[in-house]
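Handing you this structure, nothing more for now.
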Amino acid sequence: MALSARPVVTPPPLREFSATRAVRFGDCDPAGIVFYPRYFEMVNGVVEDWWSHLGMPWPEMIGERRVGTPVSHVDTVFLRPSRMGERLEFRLAVESIGRSSVRFRHRVLGPAGEERIRIRQRMVCVAMDSGLPIAWPTPLRSLLAAWERCAS
Amino acid sequence: MALSARPVVTPPPLREFSATRAVRFGDCDPAGIVFYPRYFEMVNGVVEDWWSHLGMPWPEMIGERRVGTPVSHVDTVFLRPSRMGERLEFRLAVESIGRSSVRFRHRVLGPAGEERIRIRQRMVCVAMDSGLPIAWPTPLRSLLAAWERCAS
Amino acid sequence: MALSARPVVTPPPLREFSATRAVRFGDCDPAGIVFYPRYFEMVNGVVEDWWSHLGMPWPEMIGERRVGTPVSHVDTVFLRPSRMGERLEFRLAVESIGRSSVRFRHRVLGPAGEERIRIRQRMVCVAMDSGLPIAWPTPLRSLLAAWERCAS
Amino acid sequence: MALSARPVVTPPPLREFSATRAVRFGDCDPAGIVFYPRYFEMVNGVVEDWWSHLGMPWPEMIGERRVGTPVSHVDTVFLRPSRMGERLEFRLAVESIGRSSVRFRHRVLGPAGEERIRIRQRMVCVAMDSGLPIAWPTPLRSLLAAWERCAS
């Protein structure tokens, strides 16, 4: 949790899942730029879309399998502001998969492809009923592993 | 921006500004816990309250002086979930003041005083009209310095 | 559901529950005024506070008794805008109590006591597990009736 | 502003603009259904999309022409709840155009085409700098009139 100088490293070439989001009037603040908590709502929706893309939509994961994935750590650098009417591209990559967690790297790109935001995020697999961490159930682990295989 | 293991260090004894917030139904998700973007809305309100406490309410800072303080970095560790009906205590401390930035440490405590969330956040002073960073204007710098003096 | 001309009638003298809310930076839009969905978040919190005041906090109602009160109708007139930094007063009154519903009148007042918003809202008592309307369970009905008695 | 019994009338055949929205995890509350203020965020985004479709995106309307369209009245009937993962269809129709206002009818449909929500909404044309209502500027009025012509 080091609050270091802005990282200048080139992001490594990981497989990326892409989704776009329009910045709307209601996402913006009196300064005319996106109010930063709205980005986390958008990112959460992108993670949700990615799970659907893997074949495990959250209504099934949460509602039927009773497994949730709360965030345990999120570290975000805002490089440039975004404005109403812009279309942003969200790129999700999996950095690593643990016994009961997954680490994401998110990049948010502006209309010209320039980087606006960098996020590193860790989510934990928990049993909904106890709220306690559990090892990824086999069907979920298989989907995560299949994504990772294609990435290499 | 290192996504390291959970920090175990004791937070240093900085002067803290305290504010409480009730967790409401509308802050919580289908898992029954606070949807994490809502914490950032709460934290932003606490920073807003702190500036008022310093003597520089945001309507004056933003509306009249045309200075804003967007977030450039926020790093957050979620230690324990929070639930509807709980009262959380938010404790803001200033870690350092730069030429055109300020670094905060936030701690969110549960009803028994246990730590729920740790946040380190950097905000930048910008001219509203250009969106570019500027050195803290003297009246703002004086207020920040007065806070720091009392802290030591 | 008539979208009529602005009503000019004086509100009848009902017993009112009062709560205040600060308008925050994050509640406001690029026009500098409250983004109207945020008012509904605030009003929902006021209804939540009122139930606590009655003696039935929502964690008990929803979590233990498995009863919820979704909104079935809400009709809102926005008379004047509100801005960052203002303190608003929310006044809730019960207009009527049905077999499985309750009708509220809300008024939102500005710092000088002037009316900013008028809301009429109907909420329905439902069993959380079926999602279907049910008659108010006796303990809830008693609390509602006690409020009404004091009002007359 | 009559809080009447649920209307049973068939909606008249007005020209409709259609947009879809996914219900996300973060839109839902501890009861597992959409927290109703989120619907108003969605509806506001649909109105925003409709203005873009007319040829007047809000960054141009608000940022360059300095004209805004705050809501003065919104009347909403919630017929059925919506859940995480569902795709909703939003249908916007213009009921009438005034000197400085426009009245919308919105219908929100579930995946099987069934009606979930009915909204009647009035928005007012205001000068951003004064906050006061003004007659629709000619370019906006022309776009509104063109939409209405096609509707008949």
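Here the chain labels run A, B, C and D in written order, and each chain numbers its own residues starting at 1.
By definition in this document, contacts are C-beta pairs under 8 Å (C-beta built on N, C-alpha and C of every residue); 3 or more make two chains touch, one makes a residue touch a chain.
What you see is a predicted model; the values in this text were computed from it and never measured.
Student: Could you name all chains that are in contact with chain C and with chain D at the same time?
Tutor: Output, common partners of chain C and chain D: A, B.
Student: If you take the mean of the Cα atoms for each chain, which one ends up farthest from chain D?
Tutor: B
Student: List the centre-to-centre spacing of chain B and chain D in whole Å, with centres computed as mean CA coordinates.
Tutor: Here chain B and chain D have centroids separated by 35 Å.
Student: Could you put a whole-Å number on the gap between the CA centroids of chain A and chain B?
Tutor: 23
Student: Taking each chain's centre as the mean position of its Cα atoms, how many Å separate chain A from chain D?
Tutor: Roughly 30 Å, centre to centre.
Student: Could you check chain C for residues that touch two or more other chains and list them?
Tutor: Residues 25-26, 30, 32, 35, 37, 41, 44, 62, 84 of chain C each touch two or more of the other chains.
Student: Name, in rising order, each residue of chain D that touches chain B in their complex.
Tutor: Within the complex, chain D contacts chain B at residues 25-26, 28-30, 32, 35, 37, 84.
Student: Chain A touches which residues of chain B in the complex?
Tutor: 1-4, 6-7, 30-31, 33, 35-38, 40-41, 44, 62, 68, 70-78, 81, 95, 103, 118, 120, 122, 128, 131
Student: How about chain A: which of its residues touch chain D in the complex?
Tutor: Per the stated touch rule, the residues are 22, 24-26, 32, 41, 44-45, 48, 57-59, 62-63, 83-85.
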